[in-house]
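Labels run A, B, C and D following the written order; every chain starts at residue 1.
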Amino acid sequence: MNWHSHSQIFYQSGSFPGSPRYGQPMNKARIEAFSDGIFAFAATLLVLAFVSPEVSHTAAVDSQLVTALLAQWPHLFAYVLSFSVIGMMWHNHHALFRLVTKVDRRAGLANLALMAVTAFIPFATSVLGAYPDTRSSTVLYGLTLTSSAIAFNWLLMHLVNTKSFAAHVNRSTINQTIHAYRVGLSTYVIATFASLVEPLAGLALYILIVGYFLIPRGADTDFVEKSD
Amino acid sequence: MNWHSHSQIFYQSGSFPGSPRYGQPMNKARIEAFSDGIFAFAATLLVLAFVSPEVSHTAAVDSQLVTALLAQWPHLFAYVLSFSVIGMMWHNHHALFRLVTKVDRRAGLANLALMAVTAFIPFATSVLGAYPDTRSSTVLYGLTLTSSAIAFNWLLMHLVNTKSFAAHVNRSTINQTIHAYRVGLSTYVIATFASLVEPLAGLALYILIVGYFLIPRGADTDFVEKSD
Amino acid sequence: MNWHSHSQIFYQSGSFPGSPRYGQPMNKARIEAFSDGIFAFAATLLVLAFVSPEVSHTAAVDSQLVTALLAQWPHLFAYVLSFSVIGMMWHNHHALFRLVTKVDRRAGLANLALMAVTAFIPFATSVLGAYPDTRSSTVLYGLTLTSSAIAFNWLLMHLVNTKSFAAHVNRSTINQTIHAYRVGLSTYVIATFASLVEPLAGLALYILIVGYFLIPRGADTDFVEKSD
Amino acid sequence: MNWHSHSQIFYQSGSFPGSPRYGQPMNKARIEAFSDGIFAFAATLLVLAFVSPEVSHTAAVDSQLVTALLAQWPHLFAYVLSFSVIGMMWHNHHALFRLVTKVDRRAGLANLALMAVTAFIPFATSVLGAYPDTRSSTVLYGLTLTSSAIAFNWLLMHLVNTKSFAAHVNRSTINQTIHAYRVGLSTYVIATFASLVEPLAGLALYILIVGYFLIPRGADTDFVEKSD
């Protein structure tokens, strides 16, 4: 047994030969729990972009304070935007995992990349809130969202290639999902390029993309038709 | 299939046609887990309002330090207040979800708004702790709590309109809850306006509202009568 | 129906009349999950006491950096101490809840107080790490741990008074626990007073108390005798 | 009953005599949940190493901002490295616990030490990101990873000594794991010493070790052979 195989065992000790539990649903549940923790925690960390103002405790403290608080409106805007983005990603993540029955190591790697991008969102958001109309901040934000879409597509394509979907998920459902994920990625690429040309145009696109998702249309057909 | 429908699939991939699991309790459990995470994280982040004092390491370090620590009492007050508020919101959130059997996308949106307000509480608290007697800080705090009550009412009304309650929940229970949620919202609106006139009056109201909930009255009738 | 009763319903909507689920184990599971989140999060926040040194990027950057890092050893000491304390509290919390079958609102209030103290530990720790040998910092630390012991005793006494223990838990077990909790509280009170007289003596006591718990004695009798 | 035995009960109230539930799987599930929380939180806290740049709002804001952002590339590198490390540790932790049926107090202590090291990673990472090529920062990083490997080995050896593995786990699997854990520890010790001699060599080793794990080789044999 050489160093290579030993080391492989070390780092993937989950694949011990003879372990009858390997690859069971628990695996999936654990990845979901880890991911849920990061989604919720990243969303909560967004608030750290706000800064408690430091104004002198004089007679005019109140007018100074109200000015300092109102000056943080771009942070509030970025906060609401990113909270919506993370909520949307969390929704998509669970919608995807609900259709899946097995998660192998490559899928775990793609998911880890997705988590790393998710946990980065609070930083991109604080820069966007501090400089809402600059090219650098809006492009950074766009690159972050584009990266999340790339990770989502990577994860999806791997799940498709390894036939990891539940038996009840038919081919047309999978094809629609693939198509939709690609449309999603393209949208973010376009919005990022738009930011490069005109920051406020990029910003408008980020809002539109999330808003499109967030506001259910029609008679909330999900609910009526599928008793969701 | 046009862009619209593709994109819709992308963002609500949970509603894949043919998915037999859609709308099952797992959905509700996930939203609860996500919400529980945010309640717990937001409560824990409250401590970041305290600042470890920086005093010179001289002979008088101890007296300087004790002065600097005692000067943070308003932060301790705000900490206890907001921890109680978040505990109360967590209690109400679970009490509501316990009665519910299905959570559709609009309910998820209302819940996301509630979470965004919850995660904002640490900032409003740190401002309140830094400036406990100003109009700006107490109004900001009141607006935050009012927003949480609005989100709770939105969520409740949607659940009522979509008949999402469990079969055992009778109409009079629902009516009492609706009434109670409206009283709660009104209370926060009044406290916020009071802060606008006299900050300390608003502050007193915030304490009273939470204290009213926190201190069980009588012989803890919940326990005696309903074996809770 | 007057304001009082409406409001009571609002804030304790869990006690809706007719709810057959009220007081069931789910309640307990939720409080445990909320508490676990705060224990884990508070423990992780301890690391924020360390400060990434800012030294000039000159030829001597390495010697400056190593000096600045080594100067933070009191923070490392406080970090290990508080991580152990939170681990111990987490252990005790679960050991207690494992014996309990119902959690009413007063128990929830006592638990919320315990959580507020737990979430405060990172601040007391960062002050202790910054000023490890002052009276103010060691007393603050002692007051924090004493508060946690008070909350634990409050919680325990309420559970005892409301007969919330599982049927298999016999009276002598409960009496031993009550006694042990009181000894624990007394120990922290003594250590806090010791800090007031001689900070380093208090510090030594904090270490001894946690060390006493952390290092299993004998042949790990838990394991041998009770196959834990 | 003397002070000693009382106190022992206090701190290990889980070992109440007569408690029939003691040592059941719930115990293990709770330790896993606590550990999962810390893995996820520590990973998310990594983002705090990035600093939202403060540049003057003049005509040149964009070029200043892009410079300030690009200057943080070492933080991005350290972020990706540590996110991968924590992901790997999380994977190993679960792979190990999946094979285990009981967790006693000493195992809990070894696990607590592992968690303390895990929660420390964000600090070591922020120092590495700020000074990517110094001896102090790379050695600090190496010592942190070495400590995690020591804690993993301690935990494993205790589980082996107390025969805590499930019945289906055969001796050769355990021996391979022991060997692999020791190889892992040796690797980190070597990388730490390399950092002492040449920081960039150490850094390269940290990347290689994690990369070796992260990139599944061959046809992802886990999946093909064991339907993981």
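Convention: contacts are C-beta pairs under 8 Å (C-beta built on N, C-alpha and C of every residue); 3 or more make two chains touch, one makes a residue touch a chain.
Fair warning: this is a prediction, and the values are worked out from it, not measured in the lab.
Counting steps between touching chains, the shortest path from chain A to chain C takes 2. Here chain C and chain D face each other with different sets of residues for the most part; under half of the interface numbers are shared between them. Its C-alpha atoms superposed on chain C, chain B is turned by 90 degrees; the angle is given in steps of 5.
Averaged C-alpha coordinates put the centre of chain A at 23 Å from the centre of chain B.
Averaged C-alpha coordinates put the centre of chain B at 33 Å from the centre of chain D.
Residue numbers of chain B whose C-beta contacts span two or more other chains: 33, 37, 41, 48. Interface note: chains touch in the pairs A-B, A-D, B-C, C-D. Those residues of chain C that touch chain D in the complex are listed here as 33, 36-37, 39-41, 43-44, 46-48, 50, 52-54, 61-62, 65-66, 69, 79-80, 83-84, 87-88, 90-92, 94-96, 98-99, 168-170, 173, 176-177, 179-181, 183-184, 187, 212-217, 220, 222-223, 226-228. Residue ranges of chain B in contact with chain A, taken from their complex: 1, 3, 6-23, 26-27, 30, 33-34, 37-38, 41-42, 45, 48-49, 102-106, 108-109, 112, 115-116, 119-120, 122-123, 126-127, 130-131, 134-137, 140, 162.
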